[in-house]
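Chains here go by letter, A, B, C and D, matching the order in which they are written, and residues are numbered from 1 within each.
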């Protein structure tokens, strides 16, 4: 193709007749050989993940897949789905509800975690001292600290498991410790506990794997897209059109608690 | 909770303080033990996939992850992203472009494949004969057959690989043969070839795994959500705001062709 | 501009530096001289409306502006707005809820009304006879007749007023009578009343003004966009983030009933 | 209705069977008596506009109705419309492109205009002096001043006409002068001209009518919804599905320049 002022560039996927290459790899060669989470890692970063990185990203995606009928994104998606519209319309409505208040604090939390580490390095102080300064600064300027606290959970099981898994996978960077230092500094400063939430744990794990902060919000959205679609299909299959959806009146009637093995 | 006329039911995820169970399994137990694709399978069907089912669903998701700068969903997402809006706004615009004409023919193709199998069974005829009747009927009523043909590819590498992989994974049902019979019947009737595309191959594979047709369009959307997000991030990182996006003027400048091993 | 295979055409607005002409008229000349409804008429049809057409279109737009807290589009928009996202995100979610089940039956109703008139003309029968055939046909095929019935209203005040206003404005075509004939035929066939709703009255009025059916759904959407935006602003101003919105628990606390003069 | 913790309040529209009252007025009484722009004013503010306010709001809405094929919102809407999806999907995509970079600077500009007036009042200085301080401050902090400059127009005909019309309608507040003072201060500081654009003129007019800044972005969106819908209808009527839309290759083929009288 002749290059001119209209030319623009993309480094993601090269498409030609009967050939699609993601970051250089033939997509039909990737199929069957790497998992979707590994392909997502490749698409975002341009390189194949290590086994540990792939496993941790898989866990991040599993952690965000669904949260039942409580999130506003789910309620928005089901409300729109009840109007007899295409799947994509209901899904788009759900995705549009994801933002700073719900599912969209990962990028900001990655920034805070990185600043905490950088401050410790630059000032020659400990992560605990650095975290205390970050918390004090947030308090002084009235900003909420992203990655802490959850409406439902006092100990978010997804956050705890992600941090444990990062350790199992031998991620030994300073980002998870930095987030834990922030959690502790918050307790010290406010005399109340606001534990690490799933956004925070995802953020710290993504920092450990060197993702740019700008990419942070994408993973929760990919994961939750699956959950939203399942809710939309259930809404269409089980409910009447144009029904009133009472957010507190949902009762779970799926399989009882069971264990993997 | 007391049940009354406002009560509604959901069988997907049970959420309680510090506990989230997807189809009965604790999400923190799933994390690290099953892949995202396996969790998607569980979320959609209520059961854990076999190893082969998980592998085939992973391949389906990998197949749809991205198609470079050519799809209208990608161009719509990048156009909106260039306006300095949140990630979710650009992503929703991209998802809204997915429909019958682009990425959204899986459900319909599953119906056609299932009807072809059912007709063969009910009428006691071969799949080839049944497929010929389906093609003739579509022609008579002026309907396009879903799952065949692609704007870019004469032999869609993703479709070929998915069918091969289904065989490797020992799926031996009649749905993939039915789709292939439709492809052959089309050539016979029209004297031209319109090969199975990725929508068609996904549809046949989902039928082999017993997914309901209504779920069909969801998987491509989950997969492509990842690709759209990567395009949006690239647009924001590399391009000026409010630029004019010339659809034919994109040049790939990512890694050269490379092999997995 | 040199024309080539990339050239495409638009007949709506000609834009050049310091000049914007809508359907040939300078937009700065239109401003202050015609109302927004008249400009909408011009944009859709390419001609300026008569005074009566402008007045009727204004009334159509006023009729659709809002319906309080009951519609699912309003609830979806407010649910998304409660997540601290941009106005456009919440508005898009609301608009995506508009479809066949809610606000989107105008196009289909215009088709039915036009078929009823055409059948009467072609078969040399009265509108009543034609309407009876249309109702019988819809019943036989299990289709719902668009434009009749409302969840809340047994006599939709907007529909009654639109029909009255069309008469005041001297629209004397056969489309409003055709819709009324359908309403009567329905009562006769089903022994129950399903009165003309606002979608139906808008449809008949648009037919009287010769709008193409394909344009039908647009006017309600333009009108309701205003109402949705006001709800989003109220949600952001009066309510807490991430609140649970109980659809039956809204209480009106605005101005008491008052009269125009 | 019994009030409890689920109760929430809305002051916009009271709906009861066979009765819809917008801000206290029966909607069927408003229909035929006030224009859509007047109803929009009522919906936003809770009071009926004066004749001049209604005329100025009509002009604001007419000013934003369309800008041909150049805006990214139009290109996004047409790209999605070409995929054979519902009108609402394409419209939502278009609306999601409206943001700070395109059509969404009104709110911010209202804030700047109001601050300029307040600073003059508080510091006992002239609007020119206040505007110079505002421009200096924006420059120092690297912020773009909203409401000035346009990609296409060096003298935006809509902005000029709105300001003229506000004078005709006897709006004699200090907000339009404040915006003009900012325009002049910018020239003085930067030695180049960046004239008032349509966002800026709308902002100043809305300030003159005492709208809250938070409402500012809504009016352009209502207006442009009409233009986007007309583009979507034209795309579906005139173009092939899944076409490539070259942003620079559009040729206007509508009515030649003509005058209102």
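Just so we're on the same page, a residue touches a chain if its C-beta (ideal position, glycine included) is under 8 Å from a C-beta of that chain, and two chains touch if they have at least 3 such contacts.
What you see is a predicted model; the values in this text were computed from it and never measured.
Colleague: For the chain pairs A-B and A-D, which is connected through the larger number of C-beta pairs in contact?
Modeller: A-B
Colleague: Quick check: how many Å separate the C-alpha centres of subunit A and subunit B?
Modeller: Going by mean C-alpha positions, subunit A sits 22 Å from subunit B.
Colleague: Nearest whole angstrom, what separates the Cα centre of subunit A from the Cα centre of subunit C?
Modeller: Those two chain centres are 40 Å apart.
Colleague: Just curious, how far off is subunit D from subunit A if you go by their C-alpha centres, in Å?
Modeller: It comes to 35 Å between the two C-alpha centres.
Colleague: Among the residues of subunit B, which ones contact at least 2 other chains?
Modeller: Within subunit B, residues 6, 85-86, 88-89, 92, 96, 98-99, 244-246, 248 contact more than one other chain.
Colleague: Chain contact graph: line, ring, star, complete or other?
Modeller: complete
Colleague: Which residues of subunit C touch subunit A once you look at their complex with the stated criterion?
Modeller: 72-73, 75-76, 79-80, 82-85, 89-90, 92-93, 96-102, 151, 241-242, 244-248
Colleague: Which residues of subunit A touch subunit B in the complex?
Modeller: Residue list for subunit A touching subunit B: 1, 3-4, 6-15, 17-37, 39-40, 43-44, 46, 48, 55, 58-59, 61-63, 65-70, 86-89, 91-92, 95-96, 98-99, 104, 152-158, 160-162, 165, 168, 214-215, 217-218, 221-223, 225-227, 229-231, 233-234, 236-239, 243-246, 249-260.
Colleague: What does subunit D use to touch subunit A in their complex?
Modeller: 6, 85-86, 88-89, 92, 248
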